[in-house]
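The same chain A turns up in both complexes below, where it pairs with chain B and then with chain C.
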Partner chain A sequence: MDKIDPRARWIFSFAFLLSATMFWNATFLFIFFILAIIWYYFGKTKWKETRHGWFLISIMLFSMIVINTIITGGGAGGVVPPGGHVIWPQKFTIPLVNWEINFGLTVERLWFSLCQLMRLGGISLIFLLIPYTMDSRAYGATFHGLGMPDNVAYTMELAIRFIPTLARDLSVTLDAQKARGYEIEKVKGGIFKKIARIAPLLVPVTMNAIIGSEDVANAMDLRCFGQAKRTWIYPLEYHWWDYALIGFSALMLVGSIVAAHILDLGGFWTPEWFMNLFA
Partner chain B sequence: MSEVKPLPLSIKDLSFQYNSRSTPAIKHISFDVNPGEVLLIAGSSGCGKTTLMRCINGLIPNAYHGEIKGEIELFGKSVFDIEMSEISQEVGTVLQDPERQILGTYVLNDVAFGLESLGMPTEKIFPRVDQALEKMGILYLRDRETFGTSGGEKQKIALAGVLAMKPRILLLDEPLASLDPASAMEALKIFRQLADEGLSVMIVEHRVEDVLAIKPERVIYMDEGEITYDGDRQGMMEVVDYTRIKLPAEVVLRRAKNEPPPEFEPVLKPQEGDLELLVEFEGVNFQYDEDYPFVLHDINFKINKGDIIAILGHNGSGKTTMVKHALGLLKPSQGHVYLEGNDTRDITVATAAKSVGYVFQSPTQMLFAPTVGDELAFGPKNLGFSKAEIQKSVKWAIETVHLEEELDTPPLALSFGQQKRISIASVLSMRSRLLMMDEPTAGQDYWNYRAFMDAILQMPGFDSIVFITHDLDLALIYANRIMILFDGQIVADGSPPEVLKDEDQLINYRILPTSLLKINQQFLPKTGSFYRAETLAHRIG
Partner chain C sequence: MAEKKKSIWKFGTREVVFAAIGAALYAVLGYATNVLQLPGAGNVSIRPAVVIPMFFGIAFGPIVGFISGFVGNILADLLSGWGFWFWWDLGNGIMGLIPGLFAGMIVDYKAVKSLLLGELSVILGSGVGMGVASLSEMWVSGADMNTVIFANFIPSFVSNIVNGLILLPILMVAYAAVVQRSGRN
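And then the complex of A and B:
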């Protein structure tokens, strides 16, 4: 992965993202998912270093697939046709509290959630790899190389530079508020109440970031940022395999457009064998 | 006739008023700077030092807008007629917080930043970067990530980034603020060397006594936006108010003899007989992760009622890590910490907060509420106080820090010094018995930090006070017990005269003896204790 030019990696990643989001057809999504696994494998990352990233992605996948699709059905709206074959009791009561739940999971929604898992999982595999395998010095030069103006390109690199600073500030503020008896675990209630309860963390961190940004802007001005055409010392060079990857990315994107929008092969459908499993 | 070379910097009758303010920040400033000289600019917070620097390095009027009058010439050219990029190549500026000035994720990239911005060809950038790093003695850091470097290293990286642009004037804004004494002295020696090589070095600094060690050729003292002294360092020591900036102890001792002695009597006194134990560390070892090395080694000590403990130690010695254990923010990897007899492993931080109030270094790390009143009520509410108790505690806390009139003001709208007092009040309102402070004087000028420490030490309500500091004088004036940490181990613990008696040993622990320590040691047989210079002047008769 290190040998691939970062520009080629970004081009491939975006081409993958655009292509995968054109499909709900499980066959295509399965191919994309396998491609993402192969790509991720070449990243050679260790579980220990990526586990926090996967934890956050798991929360996102859980809320999108389990809560939004399987439980509420909202995520399947507009893709899965109404009705379908119900495989779970439509109504049941939660013991003790006697809450009546109107819950109608269908075979189609279950299959859709599998398609979602392959699509979102594949995209996650591709993009999670970037922060763990790309040299943090390469961001500015890469985005500049992809045609972005210097100030936009450097903003990306600066964001990476200040992530650890922000994380440290958050940790200090959390400690400072814990020292005043604040317990984040006890943040309960509705969404507005929750936001109000995390204000002791958010306000100081945000204020410090704003105050700090003045220093950062001054430091950049004082070192002539934006006052001449910038040199990027990070070496970027395309090799034959980069061209091959870019070519593959273009092919994947064009192929996806043709398959999904011209041949109309991208739509959602539930295979017969899966229906029979619940017959 | 030989041609007269223009001065590096010449300022004539300069005044500036920010658009957002109703009064000028600086007024009628005039002075010249010669090549190869170190110029110290001193003054209390808000005296206009930073505004003056912004005028010189072009941030005013390019980034900060307002009304400017007068003239600034760099090597004979008016700064108002030249581009910001040209000013930045002549005037290198190192800002107070190197953490915010470092823009690259790796040292090489950060130092190269200015040269990249100027569009210099890559093949010319690398030698310039290496040269700057070598000058700072940190070539070994070239390929390291910037985030993991120490405070002293960050300061040098920031300086290298500026020097790579080959400026002829160097502006340093409180460059010693985050450094331990030994690192500060290393930095000062570098500044002196740069001046000796021909650069004009301007240092804005509260730690005046430290800068005097490198013999600045000139000193400017500013007060309320104006220069009230411009001359040599000897002259400055005779005319400047010694309660406003820290002068060498022997100077204060001589001058203070004719003034009334300061009134200061700490509330807490060391206990005798049966000691009341508040905190006990028993065989504590600590590592942040099992893959990382231990940062605390076999820590054993007790905090008793009446203790005022100063914890000294170099950057990264483990001071903050150790203090966080007392509150249970960190739990020992091995050993035990007992808070009022309870193992901190068995209690929550919220429970510990009922006994220990911990004030962090910067008040902006904790202040968040819409009003000061809400801020002070936050802790007691979390600890489950009743409404009546909360009201009573808030009232007592705000009165103790003398900020009653600010109860409805947003805390973030207050001055830094007031915010600091509010952060103390927010701990006072929790009625904690033990007050712990991390670098309580950081970011405050000499007058303010002494007023602040005098006020804290005379406040009722605490059974013990513990503070972390780099400032040896702060420890010897205010503490009745000093603890020194070195590489995660307690290497000294006792009364100030006991702990500070061996100067060579202190230097080994990266603590530099100050003039106040030396003069106190000289008179110790007569005084029996350590005092601030003004008090000592009257004690020795």
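And then the complex of A and C:
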């Protein structure tokens, strides 16, 4: 993965995103999902590195698939036609409190949740890999290479360089305020008081960063920033495998457009064998 | 303070640095609060840091506001391991861009009129930005309009305007003191 040019990787990632989101047909989504697993495998990331990211993604998938599709049915409303084959009681009563719940889980909604898992899971596999396998020092050159103006691409690179400094300032400010009796963890008070309690941390960090940035801007001006075409410390170079990946990405995107919009194969449908499982 | 017309679309060296500072600040503060997920709301977390792109928009113009939100959200998500969610990044960018459109009307950051304009920009920016991002869920995850409104738009919009309405005036008043002391705007 490290040998692939970051520009080719962004092109592939976006082509994958655009292609996968054209389909609700499980066959195509399965192909995309397998492709994403293979791509993720080549990243050679360790579980220890990515487990925090997967924890956050699993919260998102749980909320979108279990809560929005399986329990409330809202997540499926835009794609799955109304009605369907009910496999869970339309109504059931919770003992003791006698609450009546209208659940009505259908085979179609259950199949749709599998499709959602493949589609969102595939997209997550592709994009989760980026921060763990792409050198952040090459971001500026990458976005410049993808057609962004020099100023905007350099902003991205500069922002990455500022992160450790600002994180340290935040930590120092937090310690200094705590020494003065500041309690960010204090649970008393409503939501408004809790948000306002962030101010003693937010204001000094933001204002110090703005004051300090004047020096950075002056230094850049003295070095004639923006006066001529920019060069990059980490120049990027395409290899044959990068061209092959870009070609594959283009083919995937064009193939998806043809399959989904011309041949009309992208729509959602529930296979007979899955229906029979619940017959 | 003498009133003068500001060019809000300028993107020179100072704006490059301010946009980078805004994006990095949003990433660092967003990272610190990204784990506070709203229960039952897809892809939405409570972030007091949302005020950063709004404030950078108000103070330095729409391009700086947009980049602070767009790049800052990308970096915050990358730092938290969330991956890359283009439409939510775009929504966060718009949340900084719209307050930036008010930048030309604001000279004295602690005047009541300026603070009211700032508050108005928070509501408009959050509404349009989170609207665009929430609607993308119809395309990406196949949600219907009800889910988009109740699970994505309302939680993110309400959370962002509450954070913005409380914290933006505080930052504007603090910045007024910085401007007065440094003599630059």
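Just a few scattered comments:
Here is the rule we go by: the second predicted complex is superposed on the first by the 204 of 279 C-alpha atoms of A that agree within 3 Å, B and C clash if a C-alpha of one lies under 4 Å from a C-alpha of the other, contacts with A are read in each partner's own complex, and residues count from 1 in each chain.
By our rule, a contact is a pair of C-beta atoms (placed from the backbone, for glycine too) under 8 Å apart; a residue touches a chain by one contact, two chains touch by 3 or more.
Just so it is clear, the structure is predicted and the values come from calculations on it, not from any experiment.
For chain A, the partner that touches more of its residues is C, with chain B and chain C as the two candidates.
Legend: residue contacts after superposition of the two complexes on their common chain; A:Tyr238 is shown touching neither chain B nor chain C.
In the superposed pair of complexes, A:Ile130 makes contact with chain C only, with no contact to chain B.
In the superposition on chain A, contact of A:Ala176 is made with chain B only, not with chain C. Contacts of A:Ile160 after superposition on the shared chain: both chain B and chain C are touched. In the superposed pair of complexes, A:Arg230 makes contact with chain B only, with no contact to chain C. In the superposition on chain A, A:Val152 makes contact with chain C only, not with chain B. Of the two partner chains placed by superposition, only chain C is touched by A:Ile195; chain B is not.
In the superposed pair of complexes, A:Met220 makes contact with chain B and with chain C alike. In the superposition on chain A, A:Phe30 makes contact with neither chain B nor chain C. With the contact threshold set out at the top, residues 158, 160-161, 165, 199, 202-203, 207, 211, 216-217, 220-221, 225-226 of chain A are in contact with chain B in one structure and with chain C in the other. Those residues of chain A that touch chain C in the shared complex are 13-14, 17, 21, 24, 50, 52-54, 56-57, 59-60, 63-64, 67-68, 72, 74-79, 112, 116, 119-120, 123-124, 126-128, 130-132, 151-152, 154-156, 158-163, 165-167, 170, 191-192, 195-196, 198-199, 202-203, 205-207, 209-211, 213-214, 216-217, 220-221, 225-226. Put simply, chain B touches chain A in their complex at residues 57-59, 62-63, 83-85, 88-89, 92-93, 95, 97, 99-106, 108-109, 112-122, 125-126, 145-147, 161-162, 165, 324, 327, 329, 348-350, 353-354, 356-358, 360, 362, 364-368, 378-379, 382-383, 412, 426-427, 430.
Within the complex formed with chain B, the chain A residues making contact are 136-137, 157-158, 160-161, 164-165, 169, 172-173, 175-183, 199-200, 202-204, 207-208, 211-212, 215-234. By the touch criterion stated above, chain C contacts chain A in their complex at residues 11-14, 16-21, 23-25, 27-29, 32, 34-35, 37, 40-43, 48, 51-52, 55, 59, 67, 71-72, 75, 78-86, 138-147, 150-151, 162-163, 166-167, 170-171, 174-175, 178, 182, 184.
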